[in-house]
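Notes to accompany the following structure.
Labels run A, B, C and D following the written order; every chain starts at residue 1.
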Amino acid sequence: MNGRPEAVRFVPGQPDMWAFVLFEGFVFTAYFTAYVFSRARSPGLFLQSQAHLDLRVGVFNTLVLLASSWSVARCVQAAREGGYRAATRNAFLTMSFGFGFLVSKLREWVVAIEHGFTFTADEFSSFYYFLTGIHFLHLLIGFVALAVAVHQLRSPAPHSQEIVETCATYWHTIDFLWVLIFALLYVMR
Amino acid sequence: MNDGKRELWIGWWTLVVFYNVYGLLFFVVTRTQPPPEPSLTPAQVVQWFAERRHGLIYGYAFVFIVGGATAIMNATLAYSIRRMSVSRAFAYSYLVIYALATLPGMLIMGVACTVGAMRPDRDPALMSWIYDFAFLSFEGTMGVFLIGSLVWMVAVLLDENGVFPKWFGYLNLCNALTEVVVAPAWIFKNGAFAWNGTIAWWINMGVFVTYTIVFLTLLRRMILREDFGTGALP
Amino acid sequence: MRRADGEMLLLWTLPVLGVIWISAFLVFPGFVHPMSPTLSAEQVAAFYRDPENLPRIRYGMIVFNWFGVGLIPILALIALQIRRMAHRTPIFSYALIACAAGGPTIFLMADLFWLLAAFRPERDPQLTLLLNDFAWVTFSSQVGFLIAQSVILALAIYLDRQERPVFPPWVAHFNLVVAALLMPAAFVGAAMTGPIAWDGLLTFWVRNVAIGVWIAVMGVVLARAIARQRAEGDAVEA
Amino acid sequence: MNSGAEKRLMLVWLALSAITLAQLGIGSVGAQAGLAPAAIAASAIGIALIKVRIIIREFMEVRHAPVLLCRLTDLWVVLTGVMLLGGHLAGTAFPKR
């Protein structure tokens, strides 16, 4: 079995990180509410402006981030069973997926800006750059979290499973916030 | 009363009293918070100054008198960082960054509002400039709080003395991110991202108020826990 | 033989600084007979355009720009003396250091506004008036750090409970009196004439004399405390 | 690696990806079926929240976590849903002129 019996309930990683996830979650709920409210007030404008976005790119971004979440979950699982090499490999795999998302996002922005779809173009574009931008910032911080996890896994000293799980929890947060942003910006019509 | 903690208690009570007085002066006396719309026309700005002329002048006079209290507040928080197992550089950075923050963070706004309120008959175009200067210096000053929160975050996360819980370290990150979120206030004159907007003001203010209440509570717990005994002076 | 730590050198900059500040104060024509806030935009513009005044405004404010921050080393020495007091924490010395930069930075801002107004006196009088207002309001109203400095020092002295305190108790009382005298200046915006106006008795004369007296008295008290500290240090070494 | 746990993670990932791909068509299908905009919005938000809850329960291992954490994360999911729908209805009620 995986080191901890099924019956024992445990908090994955530092409970402190969960405080962050919940707090930041509520902050994002507030951002999303502001977006949905503005959108419902001028549905025509939002719908028209939304045509600048390619739903397929959004789906691709989401699939990449879901894959990164999967690999970081595998990393935690492997580390828990003492498979540090596999865990490190999965952490690097997560980083590559994260990097893929980063490049795809940057490309999407550049193309959009070239088409005149800038931050100040209209209300939808402002929200689009704001939400994707603040999420992008969380992604960049996520690379720091992954680096901390890799450092833990590779250090000769006893590995702290708690720190690895804490970093993974942060990374999943990037993922689930994106799932909501994807639905709000790309899917909602 | 534990004699060894008197300086800490002076600092803590200064923090509590100051934040309440500050809230009162900004929200009730000067009525500059919640902020008015950035999209006012020059004529409306002149009227805005006229409506709260005495509140601005007397309210900011009190802000100027008590403004220096931030020094003892920042010193108390710098001391809490000094108690952590991290380098002293963190405490000193915090002290200097927040000492600097007082100026653009509130005093410049006070000077601008006083100058605006003093001469109601000034050219409306210039009144409009004063109005922008006041609110953008106040809300658009981001770097000091951004870097200050990050310095505090790193200190808390690396600390092994348990001065503050780790979740407060992460909360510092939330506060730092609000300073990024406020940046569009320099670009938009209306909507959610303007200086009075849902996102740039209301949500950020919610985070800031939570953050402030949390660190005041945690600081109080730290002081209650501190055990100086009768040993040598630290 | 004592190591040359430079503290005496810093201390002796104070009388030099005093001479420079008083000279610059006398050179700036807006200070000797403080400008009235009731002057119209045209009159203010004429003040800056006057060929008699213009060089004196510029040179006076350039000297203030150079030496406005000159008091910081003295404040640093006071912070060091606070560190010697019978306190459990370094909070008061930290607080004084946090104040030290505030006052000079604010004065520097006022200095910039005056210099800007004098840079192009041919500017629209309304703009010159605006810069002049900003200069005077910044200069007069910003007493917060000076008040905090005095109150922190007074508190530190009151809590310095030891056989021979670093500063005698009257220094604390003196600092509280100075803090009280500085307060009315914060209300500078409230009146164009009378004692509160920026050329008035309380805002201009009482405030600036109080600052001057504070610097002089603290200079003497600080010199004595440092001399005593050194004598005690020598006694220990002997 | 524990094959049971690994298999479960893979199934979760496959399910999440499948839902995402299904979202490609949801807008046009909904519009063709003559659904009200509010219903389309609600379904987009609802599906997203289901995905979020799966990520939290499975990837983030909240299903093994103490009951308090389960409740708190569920509270967040429900609250987000309520806020988003409420925001949508409120915005529809006060259209911008």
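Basically, a contact is a pair of C-beta atoms (placed from the backbone, for glycine too) under 8 Å apart; a residue touches a chain by one contact, two chains touch by 3 or more.
Fair warning: this is a prediction, and the values are worked out from it, not measured in the lab.
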**Q.** Central chain of the complex, centres being mean CA coordinates
**A.** B
Q) Between B-C and A-B, which chain pair is linked by more C-beta pairs in contact? A) B-C
Q. Using CA atom averages as chain centres, what separation in Å is found between chain B and chain C?
A. 25
**Q.** chain A and chain B: spacing of chain centres that average the CA atoms, whole Å
**A.** 30
(Q) Need the CA-centroid distance for the pair chain B / chain D, whole Å please. (A) 37
Q.
Quick check: how many Å separate the C-alpha centres of chain A and chain D?
A. 15
Q | Sites on chain A at which at least two other chains make contact | A | 30, 34, 37-38
Q | Junction residues of chain D - those touching two or more other chains | A | none
Q | For chain B, residues that touch 2 or more chains besides their own | A | none
Q. Which chain A residues qualify as touching chain B in the complex?
A. 14-17, 19-20, 23-24, 27, 30-31, 34, 37-38, 119-120, 123, 126-127, 130, 134, 137, 141
Q: Give every residue of chain B touching chain A within the complex, in rising order.
A: 165-167, 169-171, 173-174, 177, 180-181, 184, 187-188, 191-193, 198-199, 203, 206-207, 210
Q: Would you tell me which residues of chain A are touching chain D in their complex?
A: 1-2, 4, 6, 9-12, 18, 22, 25-26, 29-30, 32-43, 55-56, 59, 62-63, 66-67, 69-70, 72-74, 76-78, 81, 83, 86, 168-169, 172, 175-176, 179-180, 182-184, 187-189
Q: Within their complex, state which residues of chain D touch chain A.
A: 1-2, 5-6, 9-10, 12-13, 16-17, 20-21, 23-24, 26-27, 30-31, 37, 40-41, 44-45, 47-49, 51-52, 55-56, 58-62, 64-67, 69, 72-73, 76, 79-80, 83-84, 86-92, 94-96
(Q) If we count contacts the way the header does, which residues on chain C are in touch with chain B in the complex? (A) 37, 86-92, 94-99, 101-102, 105-106, 109, 126-127, 129-130, 133-134, 137-138, 141-149, 151-152, 155, 159, 183, 186-190, 192
